[in-house]
Structures are given as structure tokens and as C-alpha cells.
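Right after this note come the structures.
One chain, chain A, links the two complexes that follow: it is found with chain B in the first and with chain C in the second.
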Partner chain A sequence: MQTLISQLQTRFQLSEFILQRDNLAFVTVTREQLRPLLLHLRDKEGFTHLVLLTAVDWIEDNIFQLTYLLGDRTAGCDIGVRLMLPRDVASMDSIHDLWPTAATYQRELREMFGIDFPESPRVDEDFILEGWTDLPPYRRDFDTLKYSQESYVDRLGRETKDPAAYMKLKLYPDEDNDG
Partner chain B sequence: MADAEFGKADRSQYPHRRPDGSLDIDLTSGKYLKLWQGPNHPGITGNMSVELTVCGDEVVEGKTHVGYLHRGFEKLMERRTFIQCFPIVCRICVPEPDFNEYCYAAAVEELAGLEIPEKAKWIRALILEMGRINSYLMYLGGQAGAFGQGVIGQWTTYARDLMLDRFEELTGARIYHMFILPGGVRDDLPEGFDERMEQTLQEVERTLDDVYDTMFRNAVFKKRAVGLGYVDPALVDEYGITGPVARGAGVARDVRKDQPYLVYDQLDFEPVTGRESDVYARADVRRRDLLMSVDLIRQILSKMPHKGEVMATLPNVLHWKIPRGETYIRGECSRGEYGYYLVTDGSGYPRRVNVRGPSYTHAMALLEKLIVNVNISDVAGLMVSLHTYPPEIER
Partner chain C sequence: MSVRDLLSPFIAWKHLFREPVSIRDPFNREASERYRGFHQNDVEKCIGCGTCEAICQNGAIDMVIVEGVEGIKTRPGDSGLRPRIDYGRCCWCALCVDVCMTSSLTMSNAYKWVENDPDKFRYIPGVDKKEWDNVKQGYHRPDGHRLNAPERIEMPELEPAERIDSFVEIVGGYSVEQARLEADRCVTCGICVATCPTHMPIPEYISAVRDGDYERGLKLLYDSNPFSQICGKVCTRRCETTCAASHEGDPIAIRWLKRHITEQVPYEKYRDIIGGPLPATGKKIAIIGAGPAGMTAAFDLARKGHEVSVYEARSHAGGMTRYGIPEYRLPFETIQREIDLIVSMGVEMHYDTRVGTDIQMQQLQQDNDAVLLAIGLWLGRGTRIPGADHPHVYKAIDLLRRIRDGEQLEAPKSMVVIGGGNVAMDIARSVARLQKQQQGEINVTLTALEDKAHFLADPVEIKESIEEEINIIDSRGPQECVSDDQGKLVGLRSWKVLSIFDDQHRFAPTYDESDEQLHPGEWIVEAIGQMSDVSLLGDALTEKLEWDRGRLQVDDDGHTSEPWLWAAGDCVKGPDIVSAVATGHSVATSIEAMFEQKEAQNA
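Coming up: the complex of A and B.
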């Protein structure tokens, strides 16, 4: 894996490299380099399996991290290609032509994070949420508790406990549980 | 097209495609009908539906619809401490919940730098194989039921119930076990577990003998399953196909062998493969894989260390902060590659958890491709043969 990353660094501008395990590494690329890198990994290095495509919301830095995880099933190793997108211009080129199944991931990211993938098939169709008008719910600034309290009524007679406080009481009854 | 020509034409060329690649379907022409299979339909795999466009009794287009079961698991986990996520993760896959526990626990352990005791690895592998047997038994009942053989489901449910008894005595629960935690497993095997498990395994084998005679040698089942839902091996990488669907196409991919985890490198087995890549081949791969799991459980119980700790010492889990990092942990569940992508930010909560279930690709892109030109009555059999569970799609 180390050798592969060294080779990639000579061809692509990788701004960050993390060797998580012997068979798992993460690299960060620019928007322009993403597609050439994915094509190179798929066609030249044997990373033919798109394991997943997902996003991480780093709201404090105002960026979305897109992670394209590719697997080489013969060599038994994976590489996570990370791309940082500005949160306020959340749009990325589609890769459904490289892996048809990417269209599903992109459709979900459009709905759950509000990250657009123009040209991706059915990207604007409702995927899981029908008629959703609020903030994309997997963004960090979407408050699930507030939404739930505003949208639903508590069941009559139902008592709730704060999960953290209750667990602390059960697991560590001898501790000072006031604080 | 004249009726005589209609029957002889190459159906894969129908309906025609427009220059932009979309299907040339004019719903106002009167030739087509919209038909919903699900979400409440005996021939649907869980809480999902397929929007079919049919011409006569032939499906010309199918679109998968999910969302009936969305509980926002991934988002909920961001508001919970690492240990509080366990009652959530197992609910992502009802018939085989333990993979969620294992993948999530292993991801937390890796990012926290936690080593687990040797015996815990064996017990984890045991649990995962027990869950695989349960999942396959449910599948066999569903696959036979989709073609009208209701009795198979009754037999396999009986055998699964015996395995649930073993789960109950080991973990205290039948469906959601929450037995695998970061650091190991909650407890050692109970006294006399090996003997009772052996009796259960023998009963499972006897049931499978009956299933083989009644289902796999049945002329009606063969007539309907052979040739249906062919998956071209070339699609395996393109569509992210894993597990028995890939192995049924002759692609010998099995995470247990390709990237051995837990104790699989110490067990003697080879991935079960098929060749014909149709519904029958996939069912047969799963039947044989189930028998392999029976053998693996026997190997695990005989090779497992008799003594030793099953749980590492954990920090105070209520104040457990994990350094910033990210990882991906995968395992081979009964439906294919199951994985957890976990991102931590140094706080006491996961920054992001993303669950990669095999149904995500199998029930969406692949099903929508395979369903074209299938007879309406075969849709259920085709869907079940991909062994999909909707909660994996809408985590």
C-alpha cells in the first residue's frame, strides 16, 4: 500500500495521506484530480469495486468531505479517496458513468446532505424522504430532537429518561451522579 | 407488431430506447400499465416496493422505492456515545443483526487502539456463523414461498427456531443480541453449549436434506428458477455485487477468505460458488454455504480455547473519547459484503457512521436492471434471489 501511495503521489497531487492499516489508506485530492485518480485506480491498479460513497459534514470548517472508498478484491486492500467541498457550494461531478451503482449513492447524498451531482440519473427524485422541505437531515445543523419535538406529540403516559444520565446511574451507581 | 412476431422477437431489445438511453415508454398509448408490487405484498422482501411498468404480463421497467422504514440510524448515532449506539446498530438488519455489532465494535476498537482477547474472537466468529445460518434459513423459506412452496418456510422456520434457542441461552435474547461489544463479547459459552449446539446442527442438516429433496429437486421450482435473473459476471464489479449473488456467477469473492477477519484464517473452508448465475444457482450456493457454516461452527467449537478472558478492560464508557480518525471494517454476511465506515473527531460521539449493506446495490441498481423483461409472476422470485433487506438501504 505504501508503494502504491508513493507512485500515486508522483502522478497526482495528494494533499494528505493516512495509512490506517496495512490494507487501508486514505488520500485527499482536489476536485480536478478526483476523476483521473478514480479512473487510474480502477483501470490500472485493480481497484474495481466501489465499496461506498458517502459524506462527512465538518460544519465547523464549512466543508463536506466526500469519501469514495474503492476496493481491490484480488489484493484485499482498500483506498479511501477524500475530497473536500465547500459547504455553501455543495456540488460535485457525477461518477455514475464509472460505476452505475454510484447513481444511488449520489441520489442519497443529494437528499440527505444537499450535495448536488448534476447529470446523475434521477438525482432529483425523492429517494427515502418524500415531500421533505426542511434542511437536508444528515447535515450537522439539522437538529433531530427539535424537529421531532415540533413535529410529533409525546405519547400520553410515557415517561422518558435522559439516556446518558440513566446509563450513568445504572453502570456507575457509586459515582456522584449529580454532575 | 403482429402477435406471431411478438413471441419470437428478442425481448431484451424491448422496449426500445431513445437516443438519450431512456426507455421509450409512452404511458398514454394504452399499451402499458403501472403496477405497484409492495410495500404490502407477500412477494416483496420487507418494507419496500417496486413500481412496475408492464406490457401485458411482461415488466418493461421497474423502479425501487424505499423509505417506508427509515429511522435515521446513522444520524441518531451522532448524538449518542459510542457504547449507546449498540441498541441501534443491531436493528439495521433484523434477520442477521450481529454483523452490525461486529463491524461497529471492530471499527471502534481500531480507532480506540483496543485489542480484544483471543477467545472473544472465536465467540464472535461463532455468533456470526449462527446468524448466517438463521438468515439463510429465512431466505430458503422466502425463495420457495415466492414460487408457491409454502411448506419450505415452515420447515426452515422450525430449524431457525432451534438456532434462536441457542442464541437465547448464549446471549439472553433471540433476535437482537447486543452481545458483541467493543473489547470482546459479554460472556463465555454456557455449560453444555457444545452438545446442545451439535444437536441443533444435526437437526438443521436433517431439515436441509428435506429442503433439498422437496425444493431443489422439484420440477416446478426448477422450471421457474432456472434461467431467471441471470447476472452477467462482468457486472460484478460494475454494480458492486458481492456475496452469493457474485459467487452464483462463478466469482469466488468471500471476505472471510479474501480479507480474513477474526479467526477465519484458522478455519478450513473454500468459498462456495455456482456457475449458471440464475435464481436456482444462487439458491443452491446459499444452501451449500449454509452447510459450510454448519461445518465452520463445528470447527470453531473444536478449535476454540477453553479458557481465557472474553472481554478486555474498557475505559469508563460514559467518558470515552476516541481520537480523530476514520476506518472501514467489513465482514461477509449472508448477503455479501457488510461494512461500517466510522469517522471520529476526538469527542465522545461518532462524527459519522455509514453502513454499507449489500442490499444497497443489489435492491436498487441491480434489481432495476434485472427486472426488465421479467414476467410479473417472477418478480417476487427474482427479488428474493437477490436476498435484500430494505433497512440496509435506508439506515
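Coming up: the complex of A and C.
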């Protein structure tokens, strides 16, 4: 793995790799580096399998992180290629022509994070959230609890107590909290 | 058409004789080992903090009252509530298990449950008995997997070598970044509020730190505690003993976060944020003693618009915080800022005025609508062992006061302290500093009846004392202050303690007399407790008042048996700043209620 990493770094002028385990490493690339690197890994280095394509919402930094995880089945090792996208222009080039299964991942990311992949097959069709009208639910500014409370009615008989208020009632009912 | 195409239907037939891969009886299939099934709760471990409810993204959890179940009771550190889960909403994500502060909440791998009544799918795990209650398999939070950091953000402090030769404050205070990280550890459950004697709104002010809204934080602090700067430095922080985070990690540094708020707001802004007094009412109150209890009551009553006069025997206000706590823990400046703020509410201060000598109780009674006694505990208790009447046997409280008063004490070459509480640590560490300054080396021995695990002092005090080369010898019973032929004090003779209390938990120490030691000391300091000097009351009033084993008896509001006289602080509650603040508040409320009652009668 270490030899491969050194070769890749020279060839593509990549940033530091993070060696997670002996058989798993991550690297962060630019948009321009992504496609040539994926092609090279697939066709020259034996990373023929797209294990997954997923995203992380770094809302504090206004960034979506895409992770393309590629696997070399024979060698039993994986490389994760990370790409940072500006959160407010969430659009990325499709790789369905490199791996047809990517289309499914991209459709899922479009639905769950609102990240667009123009020209990816059926990318605008509903994936599992039929008729969804709210913010994409994996975005961190989506308020899951609020959505749940608005969408699903509580059964009758639900009631709850605030622990601190209940303790005041039971342990010091006559004392003021504010002096 | 190839041969293969012709044969393929027959090839499929061979599968007829294979072992089937499908499950014959899918209804009785065992779930996998770590499957997330119905919840379990160890209700005796659970503290009812409601963090599971707070994190649930489906609103599936309610905190409900549970009565008549053994091991569940509302008490400090436990709300007595327990989570009830609605499986109509639960999505089995296990966030509730991951966040649980005590690891009481887990999930079994049971996933089958058939009922006709949908309301049945809502139960209190651990209380409503279920067949999976004792199932071992299921989802438990994996070791090391934590949603909130278990370790406290370390407070910057002076190293022992940097601090031992001066009275410079040891603790540095959090930076904004450190404070936010520490505040982020808090789950704002509010379990701690009941434990704070004055019930400060702890989760709310910690949230203010998190939001960086320090002015809001300061308002919250001073609405409940006019000694917030002081408590931010030296509070006994009982709240931290019941903190939900303490069950599986360090308690939140509540005291340091309070300190942080007071340090972030410019002092000039304090008064505007806290707010000034209401218009004058013409009611007059005299307060005896300018310590935390007296000044808290003065703060509350002055803000209501009453005319408050405080009579203080010494030259400065602050009471035990000014004259008892060493400067390396609490600088003068902090106390002065606190006092100035309270006085700015319109409190009239009479310093160097000893009631009973400079002015009589009777006079105060005549001139005021109410009188508050907040005289603290200024008489040190003695061991009464042989030789304890030697002039170089001191009471800790007297020595601390002299040091704080600026007297240039000439430190002894060696000293023995009797006692294992905070006052004992304070005097040991103060004299160690004087020794270091004057002689270059430290020779202080501290002996206590208790073994180290049962010392009454704050564990931090013990740790820092050891760092400062205080020689702590535990389980020693003082027997005699020994002098040589010339009458010079040479040390303390002690026996090994076997037990401190008898079967009825009465104080009755027993010793191993064969294990005798002489701890060398030119001075011996007794730090075994304090009592009130009530001589100011005079014989007639002392006779009239009700007493409880030497302590002035008061009701829950601090009212004595005399309608015009209240008492608060250490002299009724024992030594503790924040408890003194709490009693200061409650007498102020009680005095205010008396005024309102009188007004209603006159109307």
C-alpha cells in the first residue's frame, strides 16, 4: 500500500494520505484530479470495485464531503478518495460511465443530501422518499425531531415531565430559583 | 442453439436435492447478537436525567413518574422519573442507548411482540416487566464509543514550584475556547439544580457559555447568587457531585464555567445587566455581619427598595471569604468587586462597628423594622488536650485572619496542624508559603483522625497540599502538646486511630496506644471546627431566644423565636459560602413577606 501511495502522490501530485489501517487509506483530491485518479486506480492498479459513494455534511465549514471508496478484491485493500464540495453549489460530475452502479449512489445522494450529478441516469427521480417536499433529510440543518412531530400524531395519553422542574416540585417546592 | 442451451433446464434440476437456503420457520428466527430490539433499563442505575428523551429524534420517549418501585425515589442526583418508550414512533436508531449517561439503558435483541391493543406498545423499560428484561444479547453501547467527551477540559493552573513562595492565585481561568468545549460536555439535564443550596439555573448559564452570550449568563448568575464571582472560584460545588456526567466520566466543571462568565463580562457592565434597586419603601433593616449571608440578604432587600444598614466588626466586608480563605484561592480584588456591586444597590456599610460594644442590639431593634444576625463562626474549637493552652498553640481561624489582615507573621521553623478539613489545608498551605518566603524550606505536618479516603477536605485541596510538600499523616489522634524543660513547644504527641465513631455513630475515637508518635512543631494549630461568638446578644436576649444544642434555633426561613430577629449563614447552617447565600435569600424573602403581611393588615 505504501509503495502505491508514493507512486500515486508523484503521479498525481496528491496531498497527504491518511493510512487508517494497513489495507485502508484515504486521500483528499480536487475536482480536476478525481476522474483521472479513479480511472488510473480502476484500470492500472486493480481497484475495480466501487464499494460505495457517500457524503458527509460539514455544515460548520459549509462543505459537503464526497467519499468514493474503491476496492481491490484480489489484494483485499481499499482506497477512499475524498472530495470537498461547496455546500451552496452542491453539484458534481457524474461517474456512472466508469461504474454503472454509481448512478444509484448518485440518485440517493441527490435525494438525501440534495447533491446534484447532472447527466446521471434517473438522478431526478424519487429514490426511496416518495413525494418528499422538505429539505433533503441527511442535511444537518434538517430538523428530524420537528419533522417527526409535525408528520406523526402522538397517541393519546402521552405526557412527560422535565427532570429539573419535577425535582423542584418534589424536593424544594417553596424555594425560589431566582432568589 | 448450443448444447449448453439444451442442457440448462436439466442443470437447474440438480438444485432440487440441495439443502434449502431459505428459513423454514421465519417466525421463530433468533435475531443476531447485537440486534437493536426492545429496550431494557436498569432502573436502579438510571437517574432519570431525560437525556434519552432529549436526543430522541422521533419524540418517542417521555419521562414519567414512577411510584412504588423499589430503588426509584426523587432525591439529589435522581429525578425519580424513568423513560417510557412509544414503539409507534421509535425507529430503533439507539441514539438513546449511545447517549445514556449511566449506561442503564440498553436494547435486547428481542424483536417480536404481538398485541391487539396498540396502546400496549408503550411501556417503561425495567418497570413494566417484559420477557426480554434479562436477555443478554442485544445492543449495548460499545466500550469507548461516546457521544460526549468523558474528560473535563483541564484548568490552567500554576505549577507547585511557581506558586509555593507566594500568595498569587493558582487557578488561571478557562479561555473562551476551553469553556465552550467544557460547556459542550453538559447535557443540560438540570439534575444538579436541586443539589445547589441556592438552586442556581446551572443548565441555563452553561447554555449561555455555549452560545457565547455572557451577558445573559451573568444575569442568570446574579439573579440567584450575588456572590457569583466568589463562588466561581471557591464554591464547594456540591452540584458537581450529582452531575449526570460524573457517572461515567468527570463531572462538568460547573464552578469553572460560572467563573468564566464572570470573567468574560467587563465589570463596568455588571450593574446595568443586573439592574438597580426599586423605589424606596421607607422600611429599615439592620444586618449584623458583612459575610455572604448578610450581604446576600442586603442585596435582595436593597434591590426591593428597603433601607439596609450593615454592621461589620472588621475593617472590610466579605466575612469568612475575606478573612478565612487564603489569597491564593481567592484574591482580595474578587471580593471587593463583589462587595462594591452589592453596596451600589444602596446598602449603607458601618465598618469597624462591633454590635454589643459600639452599638447595642436593643438600639438596632428600636431603629429598624427587622434585624438579621449573620455573624458566622469565628471561634475556633479547641482539642482541650494537655498542653493546648500553650501560647504557641493556635486556632486556625485566628491565624488565617491575621495573615489575611496583612499582619507580617514570623513563620515557625516547623508546625503541626490538627484537622483534615479545608480550613486545616488552608492554614497548612498558608504557613508553608510563609516558611518558603522567609526560610526557604517547608516543614508542615498535618494530622487528622480520619484516614485519607475520609478526609473532609476537598480532594483537590489534599492533592495540592501534597504537591506543596505538606506532610499529611492520617489516622492520628492528638494526645498532648509537648513542651521541653524550658517551656518551649516541641511537638504533638499522637496515637494511631483505630475507629472514630461507636456503634451508634457517636463520636468516640479509639486508639492503639502502642503506636505513639511525636510530630515536631514549634507551633501547633487546631483546625477542628468553629462556633459562633454570640456574646453580642447580651444576657436578656440570649435568655429569651430558643437554642438548639448551642446553636440559635430558627425556622426554615431563618426566623428566630423573636418576631423582629432573623439569623442566616454559617451561624445557623454550618460553614459553606453557597449555603450562606441560600439562607441570605430565604431570610430576605421571609422579611419581605413580613412587610407585605403588615401592609395587608394596615390596609
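Please note the rule applied: the second predicted complex is superposed on the first by the 155 of 179 C-alpha atoms of A that agree within 3 Å, B and C clash if a C-alpha of one lies under 4 Å from a C-alpha of the other, contacts with A are read in each partner's own complex, and residues count from 1 in each chain.
Going forward, a residue touches a chain if its C-beta (ideal position, glycine included) is under 8 Å from a C-beta of that chain, and two chains touch if they have at least 3 such contacts.
Model, not experiment: these values are computed from the prediction.
Looking at the shared chain after the overlay, A:172 reaches both chain B and chain C. When the two structures are aligned on the shared chain, A:99 is found in touch with chain B, with no touch to chain C.
Of the two partners chain B and chain C, more residues of chain A are touched by B. Of the two partner chains placed around the shared chain by superposition, chain C is the only one that A:149 touches, whereas chain B remains out of contact.
Residue contacts after overlaying the shared chain place A:13 against neither chain B nor chain C. Once the two complexes are laid over each other on the shared chain, residue contacts for A:2 go to neither chain B nor chain C.
Contact with neither chain B nor chain C is seen for A:62 once the two complexes are overlaid on the shared chain.
Look at A:159: by the touch rule set out above, it reaches chain C but stays clear of chain B. Of the two partner chains, neither chain B nor chain C is touched by A:91.
Comparing the two complexes, residues 144-145, 163-164, 167-168, 171-172 of chain A contact chain B in one case and chain C in the other. Residue ranges on chain A touching chain C, taken from their complex, read 144-145, 148-149, 152, 154-155, 157-168, 170-172, 174-179. Touching chain B in their complex are the following residues of chain A: 18, 20-21, 23-24, 26, 48-52, 54-57, 67, 69, 73, 76, 78, 80, 99-101, 103-104, 126-130, 137-138, 140, 142, 144-145, 163-164, 167-168, 171-172.
By the touch criterion stated above, chain B contacts chain A in their complex at residues 66-67, 70, 72, 74-76, 78-81, 83-84, 110, 237-240, 253, 258-259, 316-318, 325-328, 330, 337, 339, 341, 343, 351-352, 354, 356, 360-361, 364-366, 393-394. Interface of chain C with chain A (complex): residues 48-50, 53, 56-59, 61-65, 74-76, 79-81, 86, 88-89, 118-119, 122, 189-191, 193-194, 198-199, 201, 203, 223-225, 296, 300, 556, 585-586, 588-589.
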